[in-house]
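The same chain A turns up in both complexes below, where it pairs with chain B and then with chain C.
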Partner chain A sequence: MSITLDQLTKRYQGVPVVNDVSLEIGDGEFFVLLGPSGSGKSTLLRAIAGLSGLDHGRIALHGRDVTHVSARRRGVGLVFQNYALFRHMTVGENIEFALRVRRVRAAQRRRRRQELLRLVALEGMDERLPAQLSGGQQQRVAVARALAHEPQVLLLDEPFGALDAKIREGLRRTIREVQRELGITTILVTHDQEEAFAMGDRIGVMNCGRLLESGTPQDLYTRPTTRFVATFLGAANLILARQGSDGPRWGARPAVHGPGACGAREREVVAVVRPEEIEIARSSETLACSNFLGRGVVEEVLFTGALERARIRLDEQPDAPILAHANGDGAVLIETTRPQFEQRAFAISRGQSVTIGVRRAHVLPTPLSSFTICAPNSSAAERLAGNSLLLDLSSRMKTRIRKHLEPMLGASTPSRDSTAALPGTAVIGARAGVASDAKWLLEHGVEEILILPEHAPAPQRVLIHWTDESARSATLAASASVLRHLAAEAIYIDVLPEQTSTAERSFGIRALLDARSEARAAHGLEIRTELRFGVAAQALEQRLSESPGHMLIVGVASTSQLTSELAALLAMARWPVLLVHRERGAPAHSRSAA
Partner chain B sequence: MRDGQPTVLPGFGLTLGFTTFFLSAVVLLPLAALMLLAGSTPLQQLLAAIASPRALASYELSFGGALIAACINLVFGFIIAWTIARYEFPGRRLMDAAIDMPFALPTAVSGIALTAVFSTNGWLGHYLDLAGIHVAYTRLGVILAMTLIGMPFAVRTVQPALLEVQRDLEDAAETLGAGRWYVFRTVIVPSVLPALLTGFTLAFARALGEYGSVIFISGNLPLRTEITPLLIVMHLEEFDYRGAAALGFVMLAASFVILLAINLLQTWGHARMARGEQ
Partner chain C sequence: MTAAGAAPGSLQELAGRPGRATVLSALGRRCLIGLSVAFLAALLLAPLAVVFASAFHSGVQKYLQTFADPDTQAAIRLTLLTALVVVPVNTVFGLAAAWAIAKFEFRGKTLLVTLIDLPVAISPVISGMLFVLLFGMRGWFGAWLAANGVSIIFATPGIMIATLFVTSPYVARELIPLMQQLGDDEEEAAITLGAGAWMTFFRVTLPKIRWGLLYGVILCNARAMGEFGAVSVVSGHIRGLTNTMPLAIEALYNDYDFTGAFAVASLLTLLALATLALKALVERTGDRQP
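Moving on to the complex of A and B:
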């Protein structure tokens, strides 16, 4: 491996900007780090170059641990967005800089300079000053300069950011050719997904300091595992669907299910449908080869040359499919793109009523599909709907919040004969009797419950715990889903009884390692682990009280645990808590992303 | 001048005319009068005024002292500007404001203040005296006063230039393998060199013309701690306007040559940096 990053963490004022990033990049690979601004990608690159320190983690280049090696001895070449050429030096002097530092003889320097200028197609420009060159040429010089000392690794920090489209194209090609010719391992940082597709052998997508997913452009585009990647890499319609045995089924009404039917429950899932996978036809009979989604009215048609873009407003019907994310003034708009031949076969215009079909849908493995606020009355529901953590999560997860009034919540004698239909994650307010509320919801088929206290700071640390091994996979999947959207650290806590013998303690440590490796392998989530002794609820409470800004994710296997062991902890109402429930022996719903 | 594009301010003709008039009335005309006065002096008298041993000694002190003071300001002004431009620390704003103090003080007050501190019975001078270093009434004192007066000029010209030097340049040099000292020498200093030269020029010019603060601490011993401006004032007090004008002319000519040289050096540096800039 050329570049190995192991659990890199960098904090600014307590907030992790690079959060437990681990990555391996092979020899000669062109790796693209893609993410929106502020996602930590440039900080990560600077850390690899040795220009910014780390709070935690290790970096190895070609098997050599360079974590504590200064930037000048790391042997990396770095290219900046603003070129960073030495303006008082000629092109030749700029390129020779690294060689001069190393006291290379003049004749040899000149030879290397000629070689590099030829490589970046700037022969004969030696005597010019940077100010006399165009932006594209300056960036070529910067690339040549970064390669002069034959670095093991080339790092490019948004190198095309300051260039216009035409020059960008040419420079991209040059850099890719140079990279292939030299076989040098390269990392490119960019926020432009088109650029990432055009250049990368592999792409890693970052958000909120975390490396969410990495893979080949094709894999990430067709089989993303996170909402963020699905929507950041190209356009996507996120549609809430029911996962049946034969694929996703569309429609607003989730299956009604009573208590005890958890195993057979049709889970609500999030399906990714790319605009080009949407088929438009006159009626459902004329749909060529796709799955009927619904009917709608064409809202907007844009001609963009090769493709036609259209937005279609879905008809409001009780069984119409629901977009996970309401786009544009709450409307439900499906985005489509169609090539020329489809436009000729069936022309559409604004206001026309059409039938929509789906050729191919990809179901995200995330267990948190949408949020449903459950409250006994509408004022309590409004209060919950204004909760900042819930709003943050739902907007970052691009999912919707529904409201459901449930008078049974908080009632002293919860009745069982409610026909509640609660899709997705239930959200309830924290109060003294919250454990019985949660129990009631779990008994009605809900599997994830988010319990929100009235006031709690944005979580900086998420503690993960499960009371039973059977809840492990589901808890980890839910944790991964939450943590992808929070700039917070994840810590798994295992609690062993006080009188644990030394021999049994080693089992505890083994459990920690298992949790860590499962989180990493199945969800790409890096977590830290802690082992505590005592009674679980008390140990958790103690850990939560150590500092503010905690959130708790706890997995349970039976509803009775709620009202017995965890009731006191939940009643404190000081931290947001995500409850994950999996009946012992129930099939694991979370598909591993490995 | 560019083509006749409309601009917010009145056009080239008007502004050039105003510039010429203003420069003539305030700068060139008085200087011309000075030269005329010096030129109309009989040669014998002129030589006697400008080549007397006292005058020669005062040139040496004025120009030499100003040069040394400007050099000191170049080094320390750079360090001060670097500290203020690059680091964030408590009291930074206060320090930033304190730099301008010598601008605001009447120079005579600076002179009195310096004398109070550095005279043989002053706060610092007392201890320096014990160590065998005499500041007041020596050439050292003259240089000290000149340094104090010129310091803000050096800092204020270098500071914006340092802010402009991109951190990326230093990072780039570092990843290319350069050590700190090498980066400083080959990247930072050349980037701020034009500003450094300007600061040097201003500090030098200010020190050369300084009168008020120097005469208090110098003691004005003929041939030893007498600066040229003081000699000119003495001529004036004796109503020897021609002698004063002659000395003034020498100062003027010498500083003109020095400033021109520095300016040319700077233009050359600028041209090298920004040739063909879009």
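Moving on to the complex of A and C:
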């Protein structure tokens, strides 16, 4: 491996800007770090270059641990967004700088300079000053300068940011050619997904300081596992579908028939439908693909040359599919793109009523699809709807918040009617009897419950715990889903009884390591682990009280645990709590892509 | 048309005639330029002419005689010596302070920025008094200094310290905004290319800020040679020993030796003009070379 990053964390005023990032990049690989501004990608790159320190973690370049090696001895080449050429030196002097530092002989320096100028197609420009060059030429000089000392690794920090489109494309090609010719391992940081697709062998997508997913451009585009990647890499319609035994369904109708979804209960899932996977037809009879999504009215048609982009408003019908990213009563618009030949086959115009079909949908493996506020009266529901953590989560997850009034909430007699299970994650307010509210909801088929206190600071640390091993996978999946949308650190806490023998202790430590490796392997989530002794609820409470800004995610296997062991902890109501419930022995939900 | 409608109507008409606005602005420009030139002539050029006219009033012979006087020669030497010591010290201080303020975040940074401006803000006479209070016979360190045979007040060290104080902001003030604007990308690039701290400073930072630095040094030098107030308080006016050029001019003037006073004044003025010319040259070169 050329570059190995192990659990890198960098905090700024207590908030992690790079959060537990682990990554391996192979020899000669071109890796693109993609993310919106403020996602921590540049900080990560600067940490690899040695220009900014780390709070935690290790960096190895070609097997050599460089975590504590200064930037000048790391042997990396770094290219900056604004070139950072030495403005008082000529092009030749700029390129020779690294060699001059290393006291290389003049003749040899000149040879290397010629070689590099040929590589970046700037022969004969030796005597110019940077100010006499265009932006694209300056960046070529910067690349040549960064390569002069034959670094093991080339790091490019938004190198095309300040250039216009035409020059950008030429320079992209040059850099890719140079990289291939030298076989140098390269990391490029960018916020432009088109650039990432054009250049990367692999892409890693960052948000809120976390590396969410990494993979080949094709994999990330067709099979994203997080909604951020699904919507950041290209356009996507996120549709709330119901996944039962026969595959996902839109609204009330069965939809794409995918391989084995065998959960006992039908549950809500998020399906990604790319605009180009949407088919528009006059009626459902003329639909070429069999998957009818719904009917709608064309709201907007844009001609963009090769493609036609249209936005279609879905008809409001009880069985209409529900879009995830439209809150409340907002517009329900489906985005589509069609190539020329489809436009010729069936031309559409504004105001026309059309039928929409889906050629291909991909179901995200996230267990948190949408939020449903569950409150005994409307004023309590309104209070919850204004909760800042809930609003943050729903807007970052691009999902909707529904309200459901339930006067029977917390009643001791469970009603028989469990078919009307609430969709998505239930949200309830914290109060003294919250444990019985939660129990009631779990008995009514809800699997995830978010308990929100009235006022709580934005979580900086999320503590994860499960009372039973059978709830482990579900709790980790839910934790990963939450943590992708919060700039918080994850800590798994295992609690062993006070009088644990040494042999049992080592078993406990193994459980910690298992949890960590499962989180990393299945969800790409880096978690830290802590082992505590005593009674679980008390140990958790003690840990939660150590500092403000905590959130708790706890997995349970039986509803009775809520009113017995965890009742006191839940009644405290000082932290947001996410309850995850999986019945012991219940089959795991298959979430394979359709 | 009603009376109420007339005013906006005529305004519209005025706005609709582009030629008129241009004529007005050309007239305004000439007036402003004329005013500025007249002001400059009255306040700067006329006194300058007077200085040289008075200096040569009694002939070149008398003019040159002034510089043969050993006391005057001592004053010139002292002024040059002071500048020679003060300017390099303040250059190093200015560089260090500007570097610290532009590149690092630390507690008390705002306080430091304010303190750097202090010598400009307070009256030079008060600056001089401060040092008398510190190092004078009845000052905090006066007794100790006297016991150890070190004289600061009414001696060359006092003059240098006072000048150092008064001229300390110039280099730093010039460099802080410049260094903040230029950022440290070039330095970071140099470090990743393998350069050490000294090499980065001398090969990258210093060339990058050289014009700003030179400008600051020139301003600092001009003030160091011309400082009167603070130096006057601490020098004690001992002829041939602690008189600088500005003090010598005052002394000659008080002796009714007008020709002598203006002769020394003309030399100081020439030095100032040379400094200004150098500054203009630096600005032009600096503009042409980024």
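In the analysis below, the second predicted complex is superposed on the first by the 559 of 594 C-alpha atoms of A that agree within 3 Å, B and C clash if a C-alpha of one lies under 4 Å from a C-alpha of the other, contacts with A are read in each partner's own complex, and residues count from 1 in each chain.
Everything that follows uses one rule, which is that a contact is a pair of C-beta atoms (placed from the backbone, for glycine too) under 8 Å apart; a residue touches a chain by one contact, two chains touch by 3 or more.
Here the structure is a predicted model, which means the values were calculated and not measured.
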Clash or fit (per the criteria above) of chain B with chain C on chain A: clash
Tell me the contact category for A:L368 with respect to chain B and chain C: first, second, both or neither. neither
Check whether A:L452 is in contact with chain B, with chain C, with both or with neither, and answer first, second, both or neither. neither
So in the superposed three-chain picture, is A:I493 touching just chain B, just chain C, both, or none of them (first/second/both/neither)? neither
By the touch definition above, which chain A residues appear in both interfaces, chain B in one complex and chain C in the other? 49-51, 70-74, 76-78, 80, 82, 84, 86-89, 97-98, 101-102, 129, 131, 142, 145-146, 148-149
Chain A partner, complex, touching residues on chain B are 166, 168-169, 171-179, 182, 186-187, 190-191, 193, 272-278
Contact footprint of chain A on chain C as seen in their complex: 185-186, 188-196, 199, 203-204, 207-208, 210, 289-290
Considering only the defined contacts, which chain A positions touch chain B in the complex? 46, 49-51, 70-74, 76-78, 80, 82, 84, 86-89, 97-98, 101-102, 129, 131-132, 142, 145-146, 148-149
Touching residues of chain A toward chain C in the complex: what are they? 49-51, 70-78, 80, 82, 84-89, 97-98, 101-102, 129, 131, 142, 145-146, 148-149
